[in-house]
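Below is one structure. I have some questions about it.
Labels A, B, C and D are assigned to the chains in the order they are written; within every chain, residues are numbered from 1.
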Amino acid sequence: MSQFLPDPVLSVRNLRLGIGKRYEILHGISFDILPGETYGLVGESGSGKSVTGLAIMGLLKRPLSVTGGTIHFQDRDLLKMHPRERRQLRGDRIAMVFQEPMTALNPLVTIGRQIAEMFVIHRGMGWPEARRKAVEALESVRVPAPEERAHAYPHQLSGGMRQRVMIAIALACRPDLLIADEPTTALDVTVQAGVLELMAELCRAEGTAVLLVSHDLGVIANMCQRVGVMDQGRLVEEQDTRNIFTNPLHPYTRGLLAARPRLGSRTPGQRSRLIELDEVVNAKDRGRDMPTLITPRGPQLAPETRA
Amino acid sequence: MMRFILRRTLQMIPTMLAVILIIFVIFSVVPGSFITSLMSEGRNATNAQVLSHLNEQFGLDQPLPVRLWNYLSGLAHFDLGISYRTREPVWNVIEPRLWPSIKLALCAMGFAAFVGIPLGFLAALKPGSVFDSGTMVVAVSGLSLPEFWFGLLLMYVFALNLGWLPSFGYQPGSIRHIILPAIALGVGPMALLARTTRAGVLDVMNADFVRTARAKGLAEPRLVRSHVARNVLVLILTTMGLQIGALMGQAIVIEKLFSWPGIGSLLVDSVAVRDIPVVQGAVLVIVLWFLVINMLVDIAYALIDPRIKVS
Amino acid sequence: MLTRLSLMAMLALGTATAALAQDATPKDGGTLVFAAPYGNSITSLDMTATPHTQDEIVGKALNRSLYKWNPDSGKPELDLAESVEKSADGKTYTYKLRDATFHNGDKLDADDVIWSYNRIADPKKALPAAEQVLQIAGVAEFQAGTADHIAGIKKIDDKTVEITVTNLADPGWNLMSNYAPIYSKDYPEDQLASKPNGLGPFKLANYVPGSKVELVKFDGYYETGKPHLAKLDIMLMGEAAARDVAFRNGEIDANVLGPVQYEAYTQDPTLKDQILEVAEVYTRNIGFNPKIEAFKDKRVRQAINHAINKDVIVQKLLKNKAYPAVSWLPVSSPAFDKDAKAYAYDPEKAKALLKEAGYESGLKFSVTATDNESWGLPIVEAIIPMLAKVGVEVTTDPVDGSVLSDKILSDNFDGYIWSNSSGPDPLKYLNCFHSATSQSACNYVKFANPEFDKLIEAAGNETDPTKQNDLLKQANNLLLEEAPVWFFNYNKAVMAYQPWVHGLKPNAMELAIQDYEDIWIDENAPATRK
Amino acid sequence: MSLRFNFALGLALVVLVVLGAVLAGLIAPYDPIMDADLMNSEMPPSWEHWMGTDGQGRDVLSRVLYGARVSLTVGLISQLINSVIGTALGVSAGYFGGWWDDLVNGLTNVMLAIPSLVFALAIMAVLGPGLPSLLLALGLTNWSWTCRIARSSTLSLKNQGFVQAAKTAGFGNFNIMRTQILPNILGPVLVIATLGIGGAVLSEAALSFLGVGIRPPQPSWGNMLSDARELIRTAPWAAIFPGLAIFATVLGFNLLGDGLRDMLDPHMRTRTA
């Protein structure tokens, strides 16, 4: 089966995060994202899904740090890279959209300039040219009257517009991987769908892989081909999106599903892969009591997917 | 913008009136008078006739409400009255003190900003480190020194022992003369600025938009330059504004110590001889300076922060 | 704030130190930087509008009066007049004015003198200097509004003026005052406070209020060859500690010293030879208000005089920059009795006296005081433990100068500590204790003693100087016995000067007031003074 | 964890000063006023006088210890007055709004505009030197910051659920302010007061320099320092020790206030720094 699968864009292996050596927050998680694929990471707040995204970006804040494992991006180990090299990847090849559109943009700088900055630092453009590109980028995220809006400040835009601006920034350099951390959670329900669709559409057009972090199974169901379920710093289950709704294996996943109204079965996944985590099946309870049951599986995935 | 300035200027009027009233009431019950101050040296008796004529001339024999009314109606014509002491219009007494006072306040603030802001920045770079903790102790120490004590110390070290700088006096256009008083006056605001800067930098560095900027792949210097500095500036602008505004009134002790001809020493001298019109005038100038500086700070805010509209 | 220093120098106590060598020939040119120590500002450049010594320091350079004080002889002498003739009744003086020029080029004439004195006396102007011309006949009427000018001054011709006075005293004592200068009648009056126009050796170059007065040599000054200095900078510096630094740093050329610096400078080999000392005609005292029942009793007042060790206070707090007082008149006064004995420090006797008076178990009073280091709070602080030992509890009532005089004149005090004139004229100053003298004049302690009144009246009517002096001596000794005040000290004024400064004089009236036209600096002065 | 050392240092200094003040009567070797031996004035530190003697021959150590009482009284009481005034005005203004709010706001602006030293100087000129006047002068002039913070906190608290709930439940206005709002703003008020204590101690020194401080011979650090300023060359100990005492106390309260602020509400940093 290995020849059907292209090399993953991102390959996380046994990633551990902690505060120093004593407090561990991620207990070793592993997953892959294939090119063009949208991978969902779902779990409650505090399950460790957001810090996973930040760890991949290299934006962990002290005292939090990576304590073990590897993160490969297009076959290069991000954790072993020189900080400067890694910084150059950031924004250019790996981009991120954050949860809080209200605060994620610099309130004192026009949005045009904030987008244009991407072209200046990653494409070496001069400001005038970068500004033109920024207007184009605004247009591509369907911000009306982009010429004028480029001169606007964040506070002059609605939440949905701001998130579109964030997407424009993130996708400005056509990255290979977009990490979207709860991109619509803070938005009004009525605009959520629009923003998500836009993101999906743009990524599909560019073949950008997406790591979508969300607590919202509905969002995941709409967007992702595959889903990883996180609980208490562990990846407890990984499934094809379709399957996770029909055949959740882990009791925590079942709990998550039960906690929300069931949506339609519109699951646009093309490929389906089932990784059965037998230990999980046997699990009677959630994570903390039986850590060994789950963790060993992760690393074992690696040869399978790679082969 | 013009409307904003006009509105703010009009808003100052009730504040000024309240200040006038407060000073008027306080100094109407103060013991001693300008007349008795003439004899304070115990040396030259002053003729009783002269005293009663003086009382008449300054209107001190009139009841309090009349005096207040006269003062206010004079003020409406920008007339601050006549100084009891020098017998000149109060404005002529205050005016020569204005520039030295402003110069001292600005230089003190310049010193405070020049030292305090970088110090705060450096401390914030490694929060919780020995350097941070040490910098903050040094900064807070600056807030903990009695001014005249520190001023005397500066005089002894830099003027007397090292002989680098003059120890006193005012020389128009001389930078050397202003250094010691400016440092003595600026050390307090310096400490405050260091503290605010540190706190501001920490706050901003933790802000979401800085994380965004990092995610964009900005190198640290560029990040600080184009995303942190301006936002920190907004935070420390308030502190700076309040400090410059208050410095003119805080300079009393330093001005006396360094024989600096500012508003503060004029105020103390005038209080001592109960020259009430000059006291009133000097306090008004100090308050006006505070209010104008605060208005300028608000305008600066509006220029830096697009979220704030001046109208 | 430093002490007011002043005095008459008839006795040898306050003499110039050896450093003021007479032999050197004055050199012209250069700058003197002089410190005016009594505050950080001056009141006005118009000397008639101020009663403050601080202003006088500037006025002495700008102006000239009809008479001047001669610090060497200790007497007033003619200044703007070349000669004077006294009438037979001793009340009319005819002055021949000298040729002198105002800074603006006007020539001095008789009308200027008449105009100046009329202006000073003018009740509508309410000038403090009016005190100085009260002796002139007709001033009282002018002041009361019954005359429109002073009748006692007449112009004889352009250069001759005739002044009639009301008593036999020499008018020079009043008309030498720096507060009563002669101004030009043609000069706009409203300019006097900012652009003074005097007859003095220096004219105003630049005045920075609250900081300094810069003066330059006036070429038209009437004394030929004077002034020697090209420039005179007067720095207004009230803070003694700052002045000390500035002087040691060579930034000022002359510095009036407080007790602490006096001690330090005399012990410093590099400074001790450049010190000028002078004895003073001021008596520092604590006045007892007879409003307090206990103070009506002579024994209580004597007990307090016995209970305080003034010698040690003078030695340790004033650093010997004063002489312990015996009675009211200072040692330099002609009526000072050299055989009189000051109250000895004797707590036992004090206790006994208090017991006799019925105050053995406690007496409490407060002393109203400014923060003056030589006659203020520090002194009261020192006597508190001393008096506590004899059962007297003293509290302090700290006040500003303006409140001190206010409280004393309105009889609102238990006791006060002050420094009062006690010379040079003994009759004038002992008369303050005459029962007819009001509290607001100078009988601050409302002293009333028939025997004393008789002595003073007798002395006033006595024409034989020796007999008069004898009566005054008796009166002074009676004051000692009655102890209406605690006799504390007579001050000594001290000034330090840089070695290149010459021509300073031990002015007993006020050491800080110098005849600037006589001062010169030698070639050792630093470049900034050349 | 950040700056924990500074907080500890501040606490230690404050405890030391408080102990000195409380135990002054027990540990001071001499009476600060009556044990004056002029013959032994300006003596350098020795076994008899650990900090030497001052110009009046009094034991500097004893005066520094007793001076701690005065300085702490000045600091604590004046800040208590400020806090009470500021909180009462701020909370009531924020709670009731309307003309009262406008009035308090205007008054706060006036108080902010007049430098507190100028104001204190004027009050001292009226009341004359002494401890009670000093407490009033410093207590009536520094409440504007407390008032502002109290007001803005009250404004934001006023519309929150628990306050609204208390209102519907029929609690009286005063009760609501006391039980629902006050506890929530005590933290910031405490921080401002702590930082203000240091300011008050310094103001006492400045006013003493200007000649309107504590009534001598009562020892306060301000008048000790002011009296000794001319002795700097000849008897530096008379000036150094009270100076150090002021420095240590103000530093202590400032560090303590900083630490409290970080603990109670890190976001206050930028608002009150």
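By our rule, contacts are C-beta pairs under 8 Å (C-beta built on N, C-alpha and C of every residue); 3 or more make two chains touch, one makes a residue touch a chain.
Molecules present, by chain and UniProt name: A = ATP-binding cassette domain-containing protein; B = Glutathione transport system permease protein GsiC; C = ABC transporter substrate-binding protein; D = ABC transporter permease subunit.
Computed from a predicted model, the values in this text were never measured in an experiment.
J.: Spelling it out: a chain qualifies if it touches subunit A and also touches subunit C; which chains qualify?
T.: Per touch definition, common to subunit A and subunit C: B.
J.: Which chain lies at the heart of the structure, taking centres as C-alpha averages?
T.: Central chain: B.
J.: Averaging only over C-alpha atoms, locate the centres of subunit B and subunit C and give their separation in whole Å.
T.: Computed value for the inter-centroid distance: 38 Å.
J.: What is the distance, in whole Å, between the centres of subunit B and subunit D, each centre taken as the mean of its C-alpha atoms?
T.: Distance between chain centres, rounded to whole Å: 21 Å.
J.: Would you mind pulling out the distance in Å between where the CA atoms of subunit A average out and where those of subunit D do?
T.: Going by mean C-alpha positions, subunit A sits 53 Å from subunit D.
J.: Using the touch definition from the top, which residues of subunit C touch two or more other chains?
T.: 241, 370, 399-400, 403
J.: Which residues of subunit B are in contact with two or more other chains?
T.: 31, 152, 156, 256
J.: Which residue numbers or ranges of subunit A touch two or more of the other chains?
T.: Residue numbers touching two or more other chains: none in subunit A.
J.: What chain-chain pairs meet the touch criterion?
T.: The complete list of chain pairs in contact reads A-B, B-C, B-D, C-D.
J.: Which subunit B residues qualify as touching subunit D in the complex?
T.: For this pair, the touching residues of subunit B are 14-15, 18-19, 22-23, 26-27, 29-31, 127-128, 132-133, 136-137, 140-141, 143-149, 152, 156, 192, 195-196, 199-200, 202-203, 235, 239, 246, 248-250, 252-253, 256, 267-268, 271, 279, 283, 286-287, 290-291.
J.: Going by the contact rule set out above, which residues of subunit D touch subunit C in the complex?
T.: My answer: residues 33-36, 38-39, 41, 55-57, 125, 128-130, 211-212, 215-217, 227, 229-234.
J.: Which residues of subunit A touch subunit B in the complex?
T.: Interface residues on the subunit A side: 57, 59, 61, 84, 87-92, 95-96, 98, 100, 103-109, 117-118, 121-122, 153, 155-156, 166, 169-170.
J.: For subunit C, which residues are in contact with subunit B within the complex?
T.: 4, 6, 39-41, 43-44, 46, 49, 51-53, 123-128, 130-131, 134, 143-144, 179, 193-194, 208-212, 235-239, 241-242, 245-246, 248-249, 251, 370, 399-407, 409, 418-421, 440-442
J.: Enumerate the contact residues on subunit B facing subunit C in the complex.
T.: Residues 31-34, 36-51, 53-54, 56-57, 85-88, 92-93, 96-97, 100, 152, 155-156, 159-160, 163, 166-170, 172, 255-262, 265-266, 269, 272-274.
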